[in-house]
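Here come two complexes built around subunit A, the first alongside subunit B, the second alongside subunit C.
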Partner chain A sequence: MQLIINGAKQNVSAHDLSALFAELKMNPQTVVVEKNDAIIPRGENCVLQGGDKLEIVRFVGGG
Partner chain B sequence: MNREEVFSKNVPCVRAVLKGKKIGIAGCGGLGSNLAQILTRMGADCFVLADFDLVEPSNLNRQFFFVDQVGRLKVEALRENLLRINPQVQCRIESKKIAAKNALDFFQDCAVVAECFDGAENKAMLVEALTRENKMVVAVSGVAGAASPESIKITRPLPNLILVGDPVAPDCSEGLICARVLTAAAMQAWAILDYLKDGTLTLNA
Partner chain C sequence: MTNDKLKIGDREFNSRLLIGTGKFGSHKIMRAAVDAAEAEIVTVALRRVDLRNPQDQILEHLDAKKILILPNTAGARDHIEAVRMARLAAAAGLPKWVKLEVTPEPRFLLPDPIETLKAAEILVKEGFKVLPYINADPILAKRLEEVGCVTVMPLGSPIGSNRGIKTLDNIRIIIDLVKIPVVVDAGLGKPSDAALAMEIGAAAVLINTAIATAGNPVEMARAFKLAVTAGRLAYLSRLPSEKFAAEASSPQSGIIHS
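Our next item is the complex of A and B:
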């Protein structure tokens, strides 16, 4: 299905957030995710539907 | 010494924007200690400084501490250093560890919170915990390594998140260069000023 991830249309096979992290090879512990304008609490999975707007902010260390 | 002279070379209005605004600094290492220094020189005078760590010799390549402060709590040493710039600065210091469930307690009364942690997981934890509660956060990502600081950009990916980050930083970089870390801290200070000015962010298109 097609999602809008960080403003760009993207076809994915995942149907929930944890499968999406695996598909995009992302560590769920180092990202903040907003779905359709609501922050998804860390550690919570959620169902994804075609057309969902996701903002995935990835953090890299150093400071 | 006339204390007002300290700020006489500032761009007019910068101090007025920052003075009296409580700014949370989550982590007082390479980013946080230098950010607090820069904001103090710009005229900020009210901080919540949070860090549980002690000053170590390996911090002195980039952090705003001195040899005689090794072994002391970073929050106490930083408060002392800020007071040497402006004796009017007020700091509430917190030396407990910040976790997702207590993060808001530390910074409830802050106009804005600067995320200045080192590890990626802690960065994401704090940003998630605070933005979800409608607290404005200015965070930093990807400043380790030796890449040119010109790749660091300021963006606003979420309504409550301004990000000073290198979008092409690799997940794992070894070591930290003072010039790159302090560039990020200075950009973070500018983003805080710009946000506090009127709640918006003036980004170059």
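Our next item is the complex of A and C:
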């Protein structure tokens, strides 16, 4: 199904967040996720549906 | 000096040099510079994950037991974006502290005072310790203190410009007017700029570009550490007054005249 991840359309096979982390080879401990503008608390899984808008963010160097 | 702690909110720090982690050549150099600076507060930014390189992770290179990792809201253009970033950073498991930056104008990255105040009010109510980046406006600093910010962070000159402290008189007024620690941030390009800020009574300084883009960032971090220590010691020792004319240091009696 198609999700909008960080502003770009992306086809994925995962149907929940933890499967998506595995599919994208992402360590869930290093990122924070917003689904449709609501923050998903760390460690919580959630169901994903086609068209969901995800923001996946992490820390980078900054001043 | 041994008991001269920097108190911000409910925490105490030995170091008065805050380090920003942007622009370093590598995480390893950044870590070495933070160590050389003996910094206890370092800032980080929040950005979208690069899906092609999802493993990159700066927090692995920072010891959160020894260092307060202070997320910023850099890139926020209004209070809504800034509040969103602060909440996301807290959701990542960091302490609820935030360096609040709202910079809608991209060329000079000057902070928007109105949006900053709005965001500060919201975040303080949500329990955040808020450290706002501001222009050196004493009345704005007072307003931010009144809404519960734990510091104010007036700029010396535009972010990353290395132009030093162009706002000296207003920073002096802020230091006189507010009770919360004043952390001079942005534009400090040389250790002497940091020493000057500390000599006039700033509680701390934040340095990023001047260290990260130096020829030798690790040694420059050490130079800034020494400058901050020297400036603080000078401030605590009470600088003598300036005079227009000479005042001889050697005795004026018993001079051997021909």
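Note that in this section the second predicted complex is superposed on the first by the 59 of 63 C-alpha atoms of A that agree within 3 Å, B and C clash if a C-alpha of one lies under 4 Å from a C-alpha of the other, contacts with A are read in each partner's own complex, and residues count from 1 in each chain.
Basically, a residue touches a chain if its C-beta (ideal position, glycine included) is under 8 Å from a C-beta of that chain, and two chains touch if they have at least 3 such contacts.
Note that this is a predicted model, so its numbers are computed, not measured.
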Could you say whether A:5 touches subunit B, subunit C, both of them, or neither, answering first, second, both or neither? second
Answer with first, second, both or neither: which of subunit B and subunit C does A:26 touch in the superposed model? second
Look at the residues of subunit A and decide whether subunit B or subunit C touches more of them. C
Would you check which partner chain A:34 touches, where first means subunit B only, second means subunit C only, and both and neither mean what they say? both
Have a look at where A:62 lands relative to subunit B and subunit C in the superposition and call it first, second, both or neither. both
Considering only the contact definition stated at the top, list the common interface residues of subunit A for subunit B and subunit C. 6, 27, 30-32, 34, 39, 41-42, 55, 57-63
Could you please specify the touching residues of subunit A with respect to subunit B in the complex? 6, 27, 29-32, 34, 39, 41-42, 55, 57-63
In the complex, subunit C residues that touch subunit A: 20-24, 27, 30, 43-49, 51, 54-60, 69, 71-72, 74, 87-89, 91-93, 159-160, 186, 206, 208-209
Sort out for me which residues of subunit B touch subunit A in the complex. 27, 29-32, 100, 116-121, 123-125, 127-128, 131-132, 139-145, 157-158, 161, 163, 165-166, 169-171, 173, 176, 181
The residues of subunit A that touch subunit C in their complex are 5-7, 10, 24-27, 30-32, 34, 39, 41-42, 55-63
